[in-house]
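Common to both upcoming complexes is chain A, partnered first by chain B, then by chain C.
Moving on, here comes the complex of A and B:
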């Protein structure tokens, strides 16, 4: 599934995976587990978009957790201050974050390496300060209480999380489709080319800045939508969206899943969310544990767990299926 | 040879801190010629190319391509105008197949051509550089020889008017070098102006119409291979002072 091509095998795998994901709410009655799955889906969405720029585009930045927060606050403020429907707020959150993405991307994507990280790091904490000081709109450190969704007779509440689960799932599928389309387009090829050799890419006519900005903005828009969803799901958004552990967790999900792989970060988001939850009782140690997981992954599985799983799968398969070509070669 | 100027540099300098990698460089390249550049290691040859293609911007001076100033343009725009280049160490898109490498050159380098023409163009180049049948091979898995050919192919895919080659024979076997030199000759006969950096003086003298020798970032000599090979400064740089006295110009042969 690291391959960009939609082979028959990949389509079957994706189809089965989707079917399982669709059926989950019918079999899981525990709302706590369902909540963790929704959080995993939200983060899977965030890291899919982060991976698009970081993994495929080689833009080493930490803007995605900020975009999640911006989407959440733009949607939350729109709903609370202007009484706009949460459904419309999803789009507003996306557009607000898109504008933020463009405003940040225009100056910061001209630089790379440590400077881009520093700039996006500054963005994260500047946004946090803005949110903290605009108390009248954002609720400051007390947080902002956001209304939830309404749709006909469907109940959106803490006792019925299934509708939220499906919105999060649809949102993730949308992000994956957008990512897939982008990667397979000429823009995606240009991005991968940049990752391979930036100097050759510009020398053969690729306007790197333009393509980086397009990808960065698309990723910001998609993350903004999921941020908006998150605010209407969690219903109280506050400064915890800007903590350093948000950045560590998100980055950990990409590393653990596999940087630059299509489904790796999705897998990583489920792994980190559930693993991190196991250590809920020792809350203050959780970032250290996630950090340790990142280091261990980089040492023992630098290409991510998806790659290791694929290796294991092909090894197991080779035990059962004989390679006819191998027999011909052997004396 | 058509004596129309295609590339002109006027007093171009590039400094790295206080070190002048290229200093007050002025030169003219004429349409249809092979212009060779040589010089000892660290003489500023690659920096000169990087400055022309704006991989590193010049600190002063002017660069013109067909009388149009290009010193302030970005690298990708310079490529769109018709200047392509290769690199000393193989720079390829290693994770992609050979064909995709070239298609990227055609898609982004030949901005004004239609899609099917680009595919046709790429197929012709594949055959020309001898990579036919390797279209689906991952570029990163190629040997150094095919990688160098691929680099030339990517540059050609952009349909350049001038092709700048940075040591195309470095790291190649004698046979591979001979093939590359033959390829360059063929390209030139097809009308592409060539600017080539090469350490092998014998090769450079044989292939070039004009040669420029650089040392410590400055031009020390420019002219036909015959003129350059008789230049005392050039002989001193390459062979030492004692050879200048002996006036052994045939030592290049």
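Moving on, here comes the complex of A and C:
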């Protein structure tokens, strides 16, 4: 779908983007905007992993928001009930989610399409039932108050959000790198081949199930880590992690950014997060607006709004530069 | 114990109605309409409004059925039809209907507020049957559900439109060749299924409370039932619906109410592992 080679131009673009992202906390004084950026980064991370399985792996499921919640609760419970340091909880959250991912993946990745959706849908409801049921550990519907990070003299608090921002940024970069490595590896090639033509791929001897399971588990692990981070950042985790709007918003980000594109969902998550913020005054209309955006995008721009903007951009460019593709045409 | 079995049978009847609609759409469209749960909620709320207008129970039910049919047509037009014949149909329809169901839930929240509401039962009061004591509404459900199922069976098997629906479900290409407009059939199917969702909402309303998310739990169960019973199998759906309902009330009785969904989930995984085509499904359709 997209070009996976790192060209010089690509490296420069990504490098500049990274530089801008690293410098942002120095220029933004408003803590609220920084908070929104952190939330966007967290969601960018979630949808990157979701898109890795959904867009590239062809596994259509809704497990990623559940994995975020699982990571958050595993880390939160470890920190609160067992007094483990939040830094170690990041890893514990990742591993706990990895185990959940494998437990779900082993039976359900054998089946495709509707069945996988339903199994992950059932997982979503079951997890929230378990969380409400185990009140003594999870706090039930009251939520769980989770301690935050400590590191030397660095201040982690609601007035100094910059350290959180960097952790979120680093974990997003880690997820993007893992996704890129996976896509460029044989696993990714096999998965893309499978997505495009399953019959051909299987007849070439690709062990589909194994590759799917690996990708699904890796995505679960990365999402678990960011879930753990989210739990130590937001400091109170509760039932809102299981609301259905989590799934809808995640879909919105992927759809707006473009399913199966590498950076699309990342930008989509920033777009949806800040767009919902625009409608803060009419908060109760927010889900309706997001839903309408999703449906309209699917109908009129199925490759994502980003793709449409790109097309528009190249169209306007071709108005000024006459026939930009001329030199590419071989004689 | 006996009254538990009775409530299981009553739940089973309602689940059957919800699941039949889902199964019908699944068979015909080969896709999931996720907004089915939101339609269950919508049906209950429309009934609440209609009953508030004091037009009597059966006319109100008729209003619900007519409105739900047109809502179904609209749902098909907006979230299903645009994606046919394009890549990623399954994913697009699912995401669009998920988005729609969140929009419907939010719209209901805005119009009716989130507070739990009571929906009046069809016939108020209780009935004592010797050792069993039950509400009249539950007996009403026991009476109405088979009638609706029989009507569905009649429509599907004895009318032209029903035969056309089955033809499209079996072979869309062949149906087009003999002059059936698949688009029209898709619309009618979603319309009929939405009516069934609305009726099950009306029947469920007096058992639970009305709230904007009341349809989610029956939807989950309807999904499990359809998988369990096999797609497009009327008999399978009915058997599965009653098994799920009985399992739910028995687990609720012996283990604890909150563990019911977990038990169902375990059953679902086992079924998918050992018999992915469902207990009564004819053939496995992968992907």
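Just so we're on the same page, the second predicted complex is superposed on the first by the 309 of 331 C-alpha atoms of A that agree within 3 Å, B and C clash if a C-alpha of one lies under 4 Å from a C-alpha of the other, contacts with A are read in each partner's own complex, and residues count from 1 in each chain.
Assume a residue touches a chain if its C-beta (ideal position, glycine included) is under 8 Å from a C-beta of that chain, and two chains touch if they have at least 3 such contacts.
Computed from a predicted model, the values in this text were never measured in an experiment.
Chemist: Of the two partner chains, chain B (first) and chain C (second), which one does A:111 touch, if any: first, second, both, or neither?
Modeler: Touch status of A:111: second partner only.
Chemist: One more residue to check, A:298. First (chain B), second (chain C), both or neither?
Modeler: After superposing on A, A:298 lies in contact with chain C but is clear of chain B.
Chemist: Pick one for A:186: touches chain B only (first), chain C only (second), both, or neither.
Modeler: first
Chemist: In the overlaid three-chain picture, which partner chain does A:152 touch, first (chain B) or second (chain C), both, or neither?
Modeler: In the superposed model, A:152 contacts neither chain B nor chain C.
Chemist: Name the chain, either chain B or chain C, that contacts more residues of chain A.
Modeler: Counting contacted residues of chain A, the larger count belongs to C.
Chemist: Kindly classify A:199 by the partners it touches after superposition: chain B alone (first), chain C alone (second), both, or neither?
Modeler: first
Chemist: Quick one: is A:207 in contact with chain B, with chain C, with both, or with neither? Answer first, second, both or neither.
Modeler: first
Chemist: Touch test for A:83: chain B only (first), chain C only (second), both, or neither?
Modeler: Touch partners of A:83: none, neither chain B nor chain C.
Chemist: Per the definitions at the top, what is the overlap between the chain A residues touching chain B and those touching chain C?
Modeler: none
Chemist: Would you pull the chain B residues touching chain A in the complex into a rising list?
Modeler: For chain B paired with chain A, touching residues are 53, 55, 74-76, 79-80, 84-85, 87, 91-96, 100, 103-105, 107-109, 111, 151, 154-155, 157-158.
Chemist: With touch defined as at the start, can you tell me which chain C residues reach chain A in the complex?
Modeler: Where chain C meets chain A, its residues are 26, 31-32, 78-79, 82-83, 86-88, 90-92, 94-96, 98-100, 102-103, 105-107, 109-110, 213, 216-217, 220, 223-224, 227, 258-259, 261-262, 264-265, 268-269, 272-273, 276, 286-287.
Chemist: For the complex, which residues does chain A have touching chain B?
Modeler: Against chain B, the touching part of chain A is residues 186, 189-190, 192-193, 195-197, 199-208.
Chemist: Give every residue of chain A touching chain C within the complex, in rising order.
Modeler: Residues of chain A touching chain C: 54, 60, 107-108, 110-115, 117-119, 121-123, 125-126, 129-130, 132-133, 198, 244-245, 247-248, 251-252, 255, 259, 284-288, 290-292, 294-295, 298-299, 302.
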